[in-house]
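Going in written order, the chains are labelled A, B and C, and every chain counts its residues from 1.
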Amino acid sequence: MSTLASDTRVALAIARKDALAELRGRHATVSTLFFAAVVLLLFGFALGPDSARLAAAAPGLLWLAVVFAGVLAVNRLHLLETDDGALEQLALYPVARRAIYAGKALAGFAAMLLLGLLVLGAVGVLFAVDIAGAWLPLLATVVLGALGVAAVGTFYAGVTVRLRAREVMLPLLMLPVLAPLLLGAVKATSAALAGDPFGELGAWLQLLVAFDVIMVVAGAATYGFLLED
Amino acid sequence: MKTRILGVVALAAVIAATFVALVVVPPDQNQGDAQRIMYPHVASAWLAYLSFGVTALAGIGWLWKRDLRFDAVAVSGAEIGVMFTAFAIWGGMMWGRPVWGVFWQWEDPRLTTTALLLALYVGYLLLRRLTDDPERRATRAAIVGLVAAVDIPIVHFSVEWWRGLHQTATIASPDRVLNPAAPMAFVGTLLGMLAAFTLAWAYLMVRRYQLARRELEREERGRIERIVEARSNPVPSEALR
Amino acid sequence: MMLWPTISAPQTSMPQTTIYVSPRSLGAHDSRPPAVVTTDLARLFAGNAALAGVSLRVDVGGVIALLGANGAGKTTLLRVLATAIRPSYGRAQVDGFDVDRDADLVRGRVAYLSHATGLYDDLTARENLRFAAAMLGTPDAAQRVERALSDVGLSDRAADPVRGFSAGMRKRLALGRILLGNASLVLLDEPYAALDADGLSLVDQLLVAWREVGVTVLVASHAADRLEPFLDGRVLLARGLVAGVEGQGVTSFPPSLPVARGSLTGVSP
């Protein structure tokens, strides 16, 4: 009954709907980006002013800012569904559950990608690292990292959307699972910035790919259970 | 009862194994007596992982069969597992201090992975606590447990890679002592400790499961009572006009 | 099979229009399973039995009212049939498909109007329906959306965000969403609530239109009098049980004792 084509159509419709609602009135995309910027500023105050030390820490700071802001972003995308029982209505459509997950994760990915690219630029400016020299591997890292955060975040946002103490449970559940992604993304970023002296960039990118694939499959397989009852 | 026998046997085994580990087996040449804590530390860590595996599998059982007894197994695994995890971390730190000079070493894959396992367990148990409806709680816990269980091997693997790429092979680790040339005494003691701890784990699991099962049965009886009562006392139709 | 029923709409300011209702092709009359069959259906919330044991059979094509006081179980029954919640005990089937085991198949056949409208505040009326059409797989989506908007009288507000809509307008939009599907069973929970005169008349017209194309309708409502001319049968619920059944198209059976097992197996009552 549900084919790849119909699932894709459904996922795209959901992603489009999320994007539309975001652009239309939420204005929270902007505040999430500003939150990331504030986090970077605070890192500067906490670890600076030695610019060499900040430059060395830059990959870690970049991804920490992305991950923390990412928690806000995925939370917001699911909050959309609390409009007057929208989530329950969504669950009642005759569409595959994994397509619903794919749609929301796709919207999350778009948001995280935008976030990641902007934070990358900000880090380049604030912590004096040369991103232009290694733009291709950095872009690949941001894409893979954004996908991982979106896949995991969408899943846990679905778990916590109707939960008490949601604001603290979402990061509490999501962040430990993201530890390997964080590790891989930071390592890949520093390898890229240094010109990959030990040839390890490929290995870290592979880790990110493996993480993304596993998490997307796990999320798609289990998201449906969240929509029941 | 069989459970009581299991408990007695487990206790005896743990005492015996601890005695052997502390007194009988000779200390390691390099690490000295501090190395002895390796035995319960490693055994605990293995059981921490086993517990989480049981929790994840029991979660799948619930999702598939919709039988709340699977969920009772899952919560038992999580609660017993978090104890073993905490103990394993504590043991790792106690071992680390005299040997590494510091309590914590980020590149030791077992220590960091076990710490993350603790975070995942705690999240799992908190999630359960925040959901009241038994079926919804079982479903949420099952899928969270599943995703967390899938994450564990990735974490372990990535930390090993982290260490490997740094090429600081001088990082000592508790089970480095167990290389192929290790004396039988070391290996034997560890296996004995593992067997004893596993018995203790099994006993705790059974007890916890029995507790959970009794609770489920009580709830179920209550529900059925309420339904039977309602069906036996319908509102008479005259009262509705 | 597409029908364009003509509805006579007396005493209303709405123009006389035909409402587009696309029915599912239903097959030969005798071979169809009943629209709804429930067997000792029970549902508990935190120990309270919202449904204690409902056994009903609803025939295809009827318009049946669910009556009863608040808390009698009307909404819970509709939600189980809509697959929004699972039964605790007993079974329910829609067009022969079990709501628990074959939920996907049931979802394609059922349309549900609940208390909540499930609309997205930031999207316009048109965008909400376009999204629903994409989810429902409505053919000729753009045209059908415009048609649905005009059928429920919201064409002039189609480009406005739903955030500014009144409760009555939201309900009309939700009804418009139902028109985009091709359900064989329509479940309405208090359809008349919060509607003005035009809205009330719209619901009347919809009931007639659905009956004409052979769609089964279950309406939970306190407005028994208003529904009267459109009904084939009535079910009265009280404290989670069927207290009485009248008219045609619906039959009930007394609940059985002992209680069959639910989600906790291996525990005998």
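Just so we're on the same page, contacts are C-beta pairs under 8 Å (C-beta built on N, C-alpha and C of every residue); 3 or more make two chains touch, one makes a residue touch a chain.
Nothing here was measured: the structure is a model prediction, and the numbers come from that model.
Engineer: Which chain is most central here if centres come from C-alpha coordinates alone?
Structural biologist: The most central chain here turns out to be A.
Engineer: Report the chain whose mean Cα position is at the greatest distance from that of chain C.
Structural biologist: Relative to chain C, the chain whose C-alpha centre sits farthest away is B.
Engineer: When the centre of a chain is set as the mean of its C-alpha atoms, what distance in Å lies between chain A and chain C?
Structural biologist: Averaging C-alpha atoms per chain gives centres 39 Å apart.
Engineer: Rounded to a whole Å, what is the gap between the Cα centroids of chain A and chain B?
Structural biologist: 30
Engineer: Between chain B and chain C, what's the gap in Å when you average each chain's C-alpha atoms?
Structural biologist: Once rounded, the distance between the two centres reads 48 Å.
Engineer: Two or more other chains in contact with one residue: find those residues in chain B.
Structural biologist: 133, 135
Engineer: Can you list the chain A residues in contact with two or more other chains?
Structural biologist: Expected reply: 228-229.
Engineer: Could you check chain C for residues that touch two or more other chains and list them?
Structural biologist: Residues 86 of chain C touch two or more partner chains.
Engineer: Help me check something: in the complex, which residues belonging to chain A touch chain B?
Structural biologist: 152, 155-156, 159, 163-165, 169, 172-173, 176-177, 179-180, 183-184, 187, 198, 200, 203, 207, 210-211, 214-215, 218-219, 222, 225-226, 228-229
Engineer: Looking at the complex, which residues from chain C come into contact with chain A?
Structural biologist: Per the stated touch rule, the residues are 82-86, 104, 107-108, 110, 112, 114-123, 127, 131-132, 134-137, 161, 163, 170.
Engineer: Please output the residues of chain A touching chain C within their complex, sorted ascending.
Structural biologist: By the definition above, chain A touches chain C via 1, 6, 9-10, 13, 17, 20-21, 24-26, 80, 83-86, 88-95, 228-229.
Engineer: Taking the touch rule as given, give the residues of chain B at its contact with chain A in the complex, in rising order.
Structural biologist: 63, 116, 119-120, 122-123, 126-127, 130-131, 133, 135-136, 139-140, 142-144, 146-148, 150-151, 154-155, 157-159, 161-162, 165
Engineer: Can you name the residues of chain B that touch chain C in the complex?
Structural biologist: 65-69, 132-133, 135, 216-217, 219-224, 226-228, 230-232, 234-235, 237, 240
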